[in-house]
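The first chain written gets the first letter, and so on, giving A, B, C and D; residue counts start at 1 in each chain.
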Amino acid sequence: MNHYSKIFSKYLSDDAMEAVIADEALIQHMLTFEAALANAQAQLNMIPLKAALQIEAAIRQLSLKPTALAASTLQNGIPVIALLAHIKTKLPDGAKGHLHMGATSQDVMDTAQVLIIKNALEIIETKTSVLIKQLTKLSKQFAKTPCMAHTRGQQALPITFGSKVNAWLQPLQRQLHRLKQIKQDLLVVQLGGAVGNLAAYVKKGPLLNKLLAKKLQLQPAASWHTQRDGLAAFTNWLAMHTSIMGKMGADVMVMAQSEVNEVTENVTGGGKSSAMPHKNNPVLSEALVAIAKINAGLQQQMLLAMLHQNERDATAWILEWNALPQLLNYTATALTHAVSITTNIKINAAQMLANIEKFKKAIE
Amino acid sequence: MNHYSKIFSKYLSDDAMEAVIADEALIQHMLTFEAALANAQAQLNMIPLKAALQIEAAIRQLSLKPTALAASTLQNGIPVIALLAHIKTKLPDGAKGHLHMGATSQDVMDTAQVLIIKNALEIIETKTSVLIKQLTKLSKQFAKTPCMAHTRGQQALPITFGSKVNAWLQPLQRQLHRLKQIKQDLLVVQLGGAVGNLAAYVKKGPLLNKLLAKKLQLQPAASWHTQRDGLAAFTNWLAMHTSIMGKMGADVMVMAQSEVNEVTENVTGGGKSSAMPHKNNPVLSEALVAIAKINAGLQQQMLLAMLHQNERDATAWILEWNALPQLLNYTATALTHAVSITTNIKINAAQMLANIEKFKKAIE
Amino acid sequence: MNHYSKIFSKYLSDDAMEAVIADEALIQHMLTFEAALANAQAQLNMIPLKAALQIEAAIRQLSLKPTALAASTLQNGIPVIALLAHIKTKLPDGAKGHLHMGATSQDVMDTAQVLIIKNALEIIETKTSVLIKQLTKLSKQFAKTPCMAHTRGQQALPITFGSKVNAWLQPLQRQLHRLKQIKQDLLVVQLGGAVGNLAAYVKKGPLLNKLLAKKLQLQPAASWHTQRDGLAAFTNWLAMHTSIMGKMGADVMVMAQSEVNEVTENVTGGGKSSAMPHKNNPVLSEALVAIAKINAGLQQQMLLAMLHQNERDATAWILEWNALPQLLNYTATALTHAVSITTNIKINAAQMLANIEKFKKAIE
Amino acid sequence: MNHYSKIFSKYLSDDAMEAVIADEALIQHMLTFEAALANAQAQLNMIPLKAALQIEAAIRQLSLKPTALAASTLQNGIPVIALLAHIKTKLPDGAKGHLHMGATSQDVMDTAQVLIIKNALEIIETKTSVLIKQLTKLSKQFAKTPCMAHTRGQQALPITFGSKVNAWLQPLQRQLHRLKQIKQDLLVVQLGGAVGNLAAYVKKGPLLNKLLAKKLQLQPAASWHTQRDGLAAFTNWLAMHTSIMGKMGADVMVMAQSEVNEVTENVTGGGKSSAMPHKNNPVLSEALVAIAKINAGLQQQMLLAMLHQNERDATAWILEWNALPQLLNYTATALTHAVSITTNIKINAAQMLANIEKFKKAIE
């Protein structure tokens, strides 16, 4: 939320995800919400069609920079007040009162967040599929390659390298299955009005919710202003995703360790040292382990954010603003690295065998 | 794991759950595993029937105290070695070699853990059902009782007390739905052998896994020694459960605050102070909030424990031993308190109305 | 707080510390507080000397079991109400009003907690001194023993084993220095009265605070009911202590890894496996790593507990009750294990040299 | 590390601190290190003076953008390799070998980090002094203003508003005292060479360390590549700082609550709602509470990062890269907001009194 490093932008961040979570995207989604809301309200005769068209036109014209919202966000603890004010500068007076009609800031921001998640999921699902494919390939290719198992840091008995790969692959397959259910409570519109009861819309509230959802290609939902379980279930899924890859990274690191020497993370040459030219560091695996730990901490924040007091609670909400984009970006980064590892890893089957032989002698 | 307070045993612990997670239960489940394993192996002609019967008889006779395992657990980092030694003291020499045949300590301990979880879930599901029933009742009873909403710590606009209750109820209903899927990867047997590949059983491994699972009333499963996603998905569910109740506790606390005075946590008289006889403290709600924060931290541990390196990793496994029983006990405790609150809460509808009226004047 | 395992009582708990943090100790300290308070108040002519003597006598007679406080702790969220009621059963009517005069539950409990910490520190400091001594010895003994350094999981360049030991030793030495300052804000009495301002004592408050502190061998202090910085600074010190030992455990694990084989954690034979008789698992080092992670999570709770709202906040206070005893016990356990490792570790200097030679060939 | 929002840049970030932790600053400090190292080495006759002058000149000329380091950072897991390559493009061949002589990447990066911390501390100390001054003023001004205390969410007994302010002030005063000691292990140079033993410098290592430290206005220190206790002690101090201000935020929120109405966070008008024009939300206090929770999580990361395996461990180091800048920025942000609150808060002493009177009636 409050620090970004271009230096580390390829190592601890993901290009494609950065665009999805960017301020510019958040603004665009908030504008999309306001346009769709007006459009839906016109369709249900809640505001004049003319006003809706004027609102849509104003939003199309608007070129709004993130910095333009910063001062008002400090003042109000949300960017929506400034966003609406900027739209209104492009609206005739008669239409101003029809903008954002009956909605509350949290409706805009939560829905925009969901639209970000939707786009983020496209990246995450695509990358996960690629990773699963690569791991499946590795698992088959090395299904019969003997390799020493280690339990509690010690050589145990031989297994195959394929079965090691399976331990990385199978949880990811279950993750895809889990995601299906998680999406149901996740890709939903937020529209509750000031205090969550759609009061301003009288009887048309549920209809409007449904129509707005449709326009935004989301599912309708009763207001979840204070019910953050759908989000926390999803972010735990993200943290589990990076923990699964973190285990893979930890395994690669042991196998790449000089004395073990069973794999090389990057066949084309891994990380170099400024002091030791012979080094070939498994730098992507290290990132996988670190990212898993970071995401575990961020998931704890999301669980704390479920303690959303009363009908709106920024002491909780801010935790989500902070944690969610980082969780998404770190997950995408881990996926990119995991795919990279599975593409470039060099398997030293001869050494695997040699380690087994040496072990057999040692325990004779 | 390493501290229990009888003083706080009713406030921050749950009787029924204590029995489920107790050492005695863990030992019993481990013994059950060994008996069922021998029994299944005899059925599949992997060990002599006579040996299996002797093993079962020995286990029936055995009265094993937790302290009897402590020294060996320090020595070996697991209690299973001592457990097996104790069983063997009751076995004829000829049967000793057939005990625990082809299995590894983690098979025993993980399966025992799953059997604990199975029993824990009975408590948790029963209590959750009661809580849902109570909340449903409250939600209907006060569906039209006006009550002030608060956003960002400030009075906002009137809603109903029923809708406040709904914000506690609806996530719990979704939790039941989530649990169905979570159970699929959770209530499964662990049987992988020394390094997870069932090698000692040659071709009979999968059959044995299936039969053992059936005997233990669990589902069969490929070895998940190093794949802890099923556990972490479940414990996140637990942490979400307590966060949902934590939000309820936080809400009750605000409404019970002297200046708001809209509810009294306990109509029969709440917490007293040693210094101030007039106090009526919402002590159960406070516990709900605190428990939510504790469980959020424990879920982070479970996510870290997914970084299970190699084929067995006690630096990760110990985290589960520490976190899981606490998560179960805190969740049961929160449920007990939440049910208690919903049973004994006193709703002051007149004050709710008065607060709304006062507010209307204030913003005129 | 709500789970203790006798099975793991030697592996993940410490005998001596258990006694220090036990319910029985907490009760004893609370009784000591009440007796000392009465005694000090009599000395300052705030209550009759006779009443003080009766209170001291009653407390001496009292045999109070932890379970006797459980029901009231559930009712009131604190055990002090029941504790006072039990003392009063031994008091003549005329003395009852002089018991706990002007004090509040938090005064009793916080001071009792501090007395626990004081005793805990004796254990921790003694064990730390032993550990420092052992490490100093090892560091000198192997000051010139060549040993390969690893950076980022790869062999780097030779150092000495002594310098590895120094990396475990030096932070512990700094810890002793840090502890001196931390104690200043830690070993202080709590006496603030109902709302922290000693109001009930009118002008004698500060004098009473000083005298009570003296009797309890603590330092006097303005009420810190809601100022938990002294505690959090101390618990961070504990978590740092276990992280330092966790790094040692992690290092030992790599060196004990079969392929590296430079040390054996326990020369007399380490952890065994139920499936693999050849194993010699570094089970104490594993515990050191796991404990470090657990304590890091508990320190986060202590930081959250500093968000102590208003003049008393059990949503924060409960976090301390949960975290502090565990932090103390895990720290003592880690120290016991670390001392054990440094006593029993076997250094394989020949293998260290062989690994260096092999490495030199590899990078030629 | 991987997300920054301009929208929230004034609410959840601090301008001045952003500049201190920026990539540009990190690069500048790394360059400063290399120049000072060459300079010191020339002074000690370890490299030719001419080479040192050429290195300093090259560094002065170099204009290096953060993005120019990103690809190499992905490749090597550190930006130093690219940094050195860029410097070398400006160096005559004869000087290239004298650049970064005997140093390792971690020397550069850790020292640069310390230089960032040094600058960050100037901001933090200045802001803390201002805050302490403001709180002292408030504390005196309202030393006798009666105000109701709340314990466990309920009205307790009257205290003064001044004593409430003292509970925010006193811990900050102790923090200043703590900082003095913490700085001793913190503002130190890192110079250990490839594996921490200054081997490349033979006997001149300690002299060089001292001279380099002097040039950078830091203290000399034995290599602390793997000893991260100084950092973790400091970051806990930061997290404690934000927890202290979080308690202040939590208190202001209760007092600003409509039904209590004892303070208004911002006399000139606080946060507005997009739906409810009457709102005056205490948005800075909310941020203080949220920031405290975020920093508590980041401190846990720093404790995990102390598990720095072997002689360099990026799975730990990355955690610091991620957590430290955020901790610094959130701490500065909290300080800015806390100063802002103490400047603009409106104290409603009449209402404080009215609440006390109303309470007295209620408990009669």
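Quick note on the criterion: contacts are C-beta pairs under 8 Å (C-beta built on N, C-alpha and C of every residue); 3 or more make two chains touch, one makes a residue touch a chain.
Remember, predicted model here, so these are calculated numbers, not experimental data.
Between the chain pairs B-D and A-D, more C-beta pairs are in contact across A-D.
Chain centre most remote from that of chain A: C (centre = mean of CA atoms). Centroid to centroid, with C-alpha atoms defining each point, chain A and chain D lie 27 Å apart. Separating the centre of chain B from that of chain D, both taken as means of CA atoms, is a distance of 38 Å.
For chain C, residues touching at least two other chains, in rising order: 77, 150-153, 156-157, 194, 250, 253-254, 271, 273, 276, 281, 283, 286, 289, 293, 297, 300, 304, 313-314. Only residues 1-13, 18, 21, 23, 26-27, 65-67, 69-71, 73-81, 84, 100, 102-105, 108, 193-194, 200, 253, 271-276, 281, 283, 286-287, 289-291, 293-294, 297-298, 300-301, 304, 313-319, 321-322, 325-326, 329-330, 333 of chain B touch chain C when the two sit together in their complex. On the chain B side of its complex with chain D, the touching residues are 150-157, 253-254, 256-260, 271, 273, 276, 278-283, 285-286, 300, 355, 359, 362-363. Residues 77, 149-153, 156-160, 163, 167, 170-171, 174-175, 178, 181, 185, 194-197, 199, 222, 226-227, 229-230, 232-233, 236, 239-240, 243-244, 246-247, 250-251, 254, 289, 292-293, 295-297, 299-300, 303-304, 306-314 of chain D are the ones touching chain C in the complex.
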